[in-house]
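Below: one structure, written as structure tokens.
Each chain gets a letter, A, B, C and D, in the order it is written, and its residues are counted from 1.
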Amino acid sequence: MNKPTPIDHDVEERVRESFTCQNLINTLNGVIAHISPGELHIIAPFDERFTQQDGFLHAGVVTTLMDSACGYAAYTLMPENSRVLSVEFKVNFLSPAVGEHFRAEGRVVKSGKTISVCEGKFFALQDEGEKLVAMMQATMICIHDNGK
Amino acid sequence: MNKPTPIDHDVEERVRESFTCQNLINTLNGVIAHISPGELHIIAPFDERFTQQDGFLHAGVVTTLMDSACGYAAYTLMPENSRVLSVEFKVNFLSPAVGEHFRAEGRVVKSGKTISVCEGKFFALQDEGEKLVAMMQATMICIHDNGK
Amino acid sequence: MNKPTPIDHDVEERVRESFTCQNLINTLNGVIAHISPGELHIIAPFDERFTQQDGFLHAGVVTTLMDSACGYAAYTLMPENSRVLSVEFKVNFLSPAVGEHFRAEGRVVKSGKTISVCEGKFFALQDEGEKLVAMMQATMICIHDNGK
Amino acid sequence: MNKPTPIDHDVEERVRESFTCQNLINTLNGVIAHISPGELHIIAPFDERFTQQDGFLHAGVVTTLMDSACGYAAYTLMPENSRVLSVEFKVNFLSPAVGEHFRAEGRVVKSGKTISVCEGKFFALQDEGEKLVAMMQATMICIHDNGK
């Protein structure tokens, strides 16, 4: 709604560094398209290697990208020396994932010391406009790494 | 518990044919390890290309394999000239996906004319034995193709 | 966002008639606070009979009210001679349900011929303002009653 | 499978004491029918006050009883001076809740220091036998009360 708060430079660097270590997201050619406190978007292209039996992007890839968008959205609000893990998520599939590009959006609804709750949305970017493909409700956990 | 009913030959062929068309599962090197009415298992190897930031198999891949196992488990009970699609699923992650091989199990709990409910389990196959990594509760829908 | 479309009079009557038959919602003293195409809100008071061990409104009541709000939101878009049933839902609990009144909101995200996907939100109405207590992602099914 | 380990007397007392404080469960006339480490069952009678529009037990009551069974199943494995809260759950409804009595079963699948994952099942007890009505996958959190 309002203009988003710009993200702290150190936090952004920490998020991008962890993101780069997600081999699967690199394999899917996903890139960060937006990052602000509590929100992160990933854009990825269609790729024939990742389709299901009808030629649509596989539900698993749709899920992967939303999970990463939600996890890193939560991570933008977590302290230094912490890691983020998915506790669980639930996804509803609304339309076939047909398009040349896709955008996964992750947004924190409630950020707690241990548990964060996020919502994800997945859009197909088509010539006629954007189409909502799937939606996620996810629980993330903050693992506090001890010193060293 | 009991010895599973052997699957009808035509049904098995139909399932395997559709399975082969899942490019993503081929990309993940997933193969069918068990098929019986209402149940299907997929085995896939660890692959560095599909990891998350800590080097474990990504939650999205864990989900993909369980989703396919559940979807095809449901498909074994669906009629000819039908297709199966995921309506939604929910996954809990219990342990890191660490291992050289993994097994995704899909099992139909309730098979209806339109809606089928399945449960999935995901195991890491380690030297010390098997470890439960994640569990899924999924809703599948049967799309009846008309005529032709 | 925009001014909501007013609801058709016959549809509203059909929804209110079915709503009145929900004994549980009557027992919880829930009343419809808003109805428009694809959206329905229910307001209910705090009641000591329905609390959990810490004196908050029980998660099951929170869920019940959101489930009914979502189900009837979906029902506003369903044809005559149909019924609505919950296929499944998932709820995240964000804050304790503390307050004198509560509002459950149901909203259709995608309305299909058979399957509708809804999101629910549950607010505690407190002196200091409203607080988001829980959120739901739900799948509803339309049962077409045959003729007669 | 195996004979269940008998539950520690102090743990059982702690669980039963908290259970008694759940006003909603008392209102629903739910009683503990089984308790062992990591597992708890609740039995409740049919009651017209808690039905939905078709005269079946409301999905919200089905959920309430499974949520409590799962939460207290998790609580049997938690330490003294702790409390249990529901983080989230997901329920699939398989058959109408028709019967004179019902049994909600909660079972811990993975018990962690902070997070426990449970599965719930809900059976209608009918003359012809038991019928599976619904199934739940739930995440519970252990709140460690400090000192005192």
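Operating definition for what follows: a residue touches a chain if its C-beta (ideal position, glycine included) is under 8 Å from a C-beta of that chain, and two chains touch if they have at least 3 such contacts.
From a predicted model like this one, the values you see are computed outputs, not experimental measurements.
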Chains in simultaneous contact with chain B and chain C: A, D
Chain pair showing more contacts of the two, B-D and C-D: C-D
Chain centre separation (chain B, chain D; CA means) in Å: 29
Centre distance in Å when chain C and chain D are each reduced to the mean of their C-alpha atoms: 23
Residue list for chain C, restricted to those that touch at least two other chains: 87-88, 90, 92, 117, 137, 139
Contacting residues of chain C [partner chain D, same complex]: 18-19, 21-25, 27, 48-54, 58-61, 63-65, 67-68, 83, 85-93
Touching residues on chain D, where the partner in the complex is chain B: 90, 92, 94-95, 109-110, 117, 119, 132, 135, 137, 139
Interfacial residue positions of chain D with respect to chain A in the complex: 87-88, 90, 114-115, 117, 137, 139, 141
